[in-house]
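Accompanying notes for the structure given below.
Labels for the chains are A, B, C and D, by order of writing; each one numbers its residues from 1.
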Amino acid sequence: MAKEKNVEIKNNNIDISIGKEEKTVLHAENLTKIFGGLTAVNKINMKVKQGQISSLIGPNGAGKTTVFNVVTGIYKADGGRVLFKGEDLAGNKPHQIIKKGIARTFQNIRLFSNMTCLENVMAGQHCRSQQGTWSAVLQTAGYKHEESVIRKNAENRLKQVGLWRFRDELAKNIAYGNQRMLEIGRALASNPDLLILDEPSSGLNDKESEDLIIFLNSLLKENLTILLIEHDMNVVMGISHWVTVMDEGKKIAEGLPEAVYSDPQVIEAYLGKEDEEEEY
Amino acid sequence: MKKVNILIMITIVLLIGVISIPVVAADKLPVVIGLQGPITGAYAIEGEMAKQCVEIAASLINEKGGILDGRMIEIRVVDDACQPKAGALAAMKLISQKDVVAAIQTYGSSVTQPGADLYEKFKKINMAYGAGIVELTRKGYKYFFRMCSSVDKQGNFFANKVVPLFNAKKIAIMHDNQSFSAGLAEYTKIGLQSKIDAGEVEIVYYDAINPGESDFAVPLTKLRETNPDIIYFTGYFPEAALVVRQARNIGITCPFIGGDSAINSEFIKIAGLEMAKGCFMTQEPMPSELSYSKSKMFLEAYQAKYGEIPSSPWAVYAGDSLNVIAYAIDETGSTDSDVLVDYLKNKMNNFNGVTGPIGFDERGDRTGTLHTLYVVNDKGELEIYNP
Amino acid sequence: MTTRDIINNIKQTVKTKQKWPIPVIITLFVFFPILINNSYIIDVAFFLGFYTLLGLSLNIVLGEVGLFDLGHMGFAAIGAYVTAILNTSFGISVVILLPVSAIAAGAFAYLVCSPVIHLRGDYLCIVTLGMGEIIRLTLVLNPFGITGGPNGVFGIDFPSIGTLFVVDNSIKFYYFIWIIVGFVVLALVRLQSSRIGRAWNCIREDEIAAESTGIDVRSYKLLAFVIGAALAGVAGNVYATKLMIVSPESFDFMESCLLFCIVLIGGMGSIPGIIIGAAAISLFPEIFRTFAQYRMLIFGAAMVLMMIFRPEGIWPRKRGAIELKSIMTKAGTENG
Amino acid sequence: MKVFLEQLLNGLTTGSFYALIALGYSMVYGVMKLINFAHGDLFTLGSYLGYTILVLGTAYTTSYLGLWGGMVVTMLIVATCLALVGTLLERIAYRPIYSSGRLPLVVSALGASIFLENSIMVIWGARPQAYISEVIPAKILNIAGLRISIIQIIILILSFILMSILYYVVQKTTFGAAIRACAIDRNTAALMGINIGTIIFFVFAVGPALGGMAGVLVGMYYRKITFIMGWNYGLKAFTATILGGIGNIPGAMLGGLLLGVLEMLGSVYISTAFKDVFVFLILILVLIFRPTGILGEKVAEKV
């Protein structure tokens, strides 16, 4: 299984002309999530197009992360539904959803701190392997082969995110920026079709965020679709093909970056917020 | 490489173990007899007392010049903390010391069991001083002897002597789910069966309390509602004392009769004299009641050394076990187990020990122990009850 | 020379990859009973093996997955009683009962754990604790008169293959338990480095991340419990055949606590650590028996000091290249 | 009915013992996230200290202070000693390893428990001790056919007072607010300028103090005390803590009383012997259907 994926990736070096591809990968319909009294996400509609980088932006507490958590099955939607490649994701557990091809990262990095970087990435392929207890105990040929494949993929991914030199370091011991990359590497290890990144550039310095932008663009060549939550306007404008803006749980605008950027509502809700922040 | 570490560590640890084992005395002169008892743990007191008794008994013999013309008796104590696992290890510890000719076994039936199996396997005479459950002597052990009496005898004594004495119709039996007391309750029931069938008596209450607990208000209230003529509590003294107190507090006035582990000085201390006095117990002769020539000597020696006479009859049985074994060795002039077994079971009868005449039947049970009914008098002493 | 030094030395020898210790140690180990001609010490070594087996079984649940299990002795009790009852009342050979008791304990674990597996940390801890107590109490209360109540069940046979080979003395038992332990260790080492082991550790590190990395947290937790319980069941079986009696007080809360300590003193998830921990727990009382009543007192103090000066355990698991390297070479050869 | 009321009273009496001990567990857990296994043995220690004071001091206590005065003084001395021991325990066995995670703490707690239990055995001996009757008001009242011993009433009243004081302190005062804040999030509380040191001191002083007093009360009520009773009471009290919602102080009180009554009901209507099985079953059921206990509030995991 994992092997085939691998091959597929290798052959997939055709450059997709950005924006042409119109096939919808992820489709959220009237997505609603309520915590106790407050409606964190209110009837959100959004589409994520194949082979594009879409962004979900908005001020703190707009409910961006909640959308992600509903999509990836950590929270259960209170209304509406999420379609992935036309299939309703309702009732799927997170570990089933990643198997379907949606991998994610977390806002506050969640790595397996006391495991080595390589192990972290290897763990990322769990859903792409199926050897059981007995074959592991008896070290069957099938098991050895799968393990070697996992190992090879892990190496490739680790090289891809540029952390090969840290392969035997414990995840908790590497620098913050590297931890972010490692988390992305772990997500990529499951060979996803849709990669969901929760504020990947937060806590990175300019250099690092630039590298990140380049890296994300390079991922598109793997026929990946990327959905990211972002604060940093520059990052968003730099790479997004499609931007959705949320505020207080509602969608207030969506469109091409430029359009959104000049949208008065967005400026009011989003940039206005930033002014306030500056005052304090 | 992991394995290497494992192995190294194990050997290190085991070597420490080896070093720490007491070295077996090279000098074979003394006759070594093992004592296995709960030196630590919840019943440490029983073990401690048994140790003292055995030492006294040994010293009395040694003062007279030992046995087998001039060989001293040496006691080797091992601790089983009153746990089966520790019991098995303790037994092994004695067995593995080649110079130990016989073992005096421990307090508590479930601990005695694994020990008995091991001694049997290694053909070592072992004599139990505090294991009441009947099954022990029903398993055809050859080398196992029981100095104390088994619970069925006591059960029958209660059924045939005590019940008529109080001419009781409604009987309440309470035990605490531990080997000995559950067994005693069980065999009392069996002993009563004939009377029950004849419709003379009925068991109105038969239930267990949890050992180690302190609050028996609930079971006692239940018991009160059945208003029995007598209560038979087969458990141990700590619970017995509380049961009496709480029973009296909630207005149960009928006679309280305890099994042989229920009443001792501790019982009186805990229950308080005002509650304890007038409580009965079915018991083999208490140390204080022992009036045989040998017991006098023994108890004086004990008092001289420890300032009081042993409060537990089991401890004295431990001492007597030593006497019997020593006597047998002296008579047969041999320390060979089979010879001794043959002598103890077939030839020896009515050896007069501290606890009276001693003999053993084929199964290894002691013959000729008589139960009596004791009562706590106003001075808080146990005296034989004669109405 | 503190334990720390000893361990460091050994670690050195291991690091410097000297091959000589292995055969030496193994031979020492194999011939130990013949060298030490003292059945008491051999029995102590047997019980060391017994506790190692239990420690390893608990280590799967506590060390690998990080689930607090304070009722683990209950599973051993299931194994022991299944063996005892089936053997004494139906005369089934205890060797056959070895897998049976494993399966019984495993199945039991599956049944009782599946409803509570979602509980976190201390809640799971108290539930397992309660479960252990329930098992013990039920055994005492002798349901349907099969568990023999407080007396327990006795007269259990020795393990034997027909009549030609019978495990009937300390030395044979010593080999019996340590061979089992050997196999278990081998299996666990392999599991640790497999995707199963990784998944377990992921759950220990961060459940949510594990879940969204594609690990079915619930079923992997259950798997750990079932395997752990099954091994405990095996231990129980051996215990029953060794002592020839099983009685409830051998499986009380204190014992479960000791198992807990074995894992933590040895070092979570570290197999050599577990064996050291087992040694510490099972040999300590034996070695210090001469101290009689002060023994457990010292023991308690030792546990506290241990945690103060080496909280990660005597021999914590060293994560790193070694295990992965081996796989890498395999990968190389197979895909080259 | 009469029987039921009597039993209810007994249930509440044992319940209040559990509650007093449970408070110790709950407070420590709330602040430290540590199951203080040694707490049960602190309770035993309190019981033995009370015994010694009463036995040695009978002459003084009864002659100078009278029965009641003697009792009060004993209580106070025991409480102080236990507060001391508790804080010492924290300093020696727990403080050095806060940094190294929770599991080492658990082991250390177990070790401390074994140590305490056996030191008690070494000091006072293995045989059970009994509170002497002279120092205990042993009168039995007969109210409307109900037989109630004075000591029972004392226990109920005293534990009620103690608990209501604690309840007031924790729920109504700023200091209490600080404690609750720590229970929710220690680090944030520290950032808010709450002195964690003081809180920890308070928790490790008051918890054992209450436990110790419970110990004295148990001694006075049942007279018999053994060095192993800590396990039993500790286990029950801990169960009570979870039942009420661990880390939640009113919860501990409720849980304790509830457990006492449940036990009573269990042994009346099911079987005395199966009582504990019944109790643990209830506990497990509660945890399955309300994992955070009765009063514990549900906290959503922030992702």
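Everything below uses one rule, namely that a residue touches a chain if its C-beta (ideal position, glycine included) is under 8 Å from a C-beta of that chain, and two chains touch if they have at least 3 such contacts.
As the structure is a prediction and not an experimental result, all values here were calculated from the model.
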item	value
Minimum number of chain-to-chain touching steps separating chain C from chain D	1
Inter-chain pair with the most contacting C-beta pairs	B-C
Taking each chain's C-alpha mean as its centre, the one farthest from chain D	A
Centre distance in Å when chain A and chain B are each reduced to the mean of their C-alpha atoms	73
Gap in Å, rounded to a whole number, between the CA centres of chain D and chain A	50
Distance from the mean Cα position of chain D to that of chain B, given in whole angstrom	36
Shared-contact residues (touching 2 or more other chains) in chain B	44, 177, 208
Where chain A touches two or more other chains, by residue	74, 106
Multi-partner residues of chain D (at least 2 other chains)	121, 126, 273, 276, 303
Chain C-touching residues of chain D, taken from the complex the two chains share	29, 35, 37, 92-93, 96-97, 100-108, 110-119, 121-122, 126, 231, 235, 238-239, 242, 246, 273-274, 276-277, 280-281, 283-284, 287-288, 291-292, 301, 303
Interfacial residue positions of chain C with respect to chain D in the complex	68, 115-116, 118-123, 125-127, 129-131, 133-134, 137-138, 141, 208, 253-254, 257, 260-261, 264-265, 268, 293-294, 296-297, 299-304, 306-308, 311-312
Residues on chain A engaged by chain C in the complex (per definition of touch)	72-74, 93-95, 97-99, 104, 106, 110-116, 118-119, 122-124, 126-129, 131-133, 136-137, 139, 143-152, 167-168, 170, 186, 190
Contacting residues of chain C [partner chain A, same complex]	187, 190-191, 194-199, 201-202, 205-206, 208-217, 223, 227, 319-321, 324, 327-328, 330-331, 334-335
Residue ranges of chain B touching chain C (in the complex, touch as defined)	1-14, 16-18, 20-22, 39-40, 44, 78-79, 83-86, 88-89, 92-93, 95-97, 109-110, 113-114, 117, 121, 133, 135, 139, 177-179, 182-183, 208
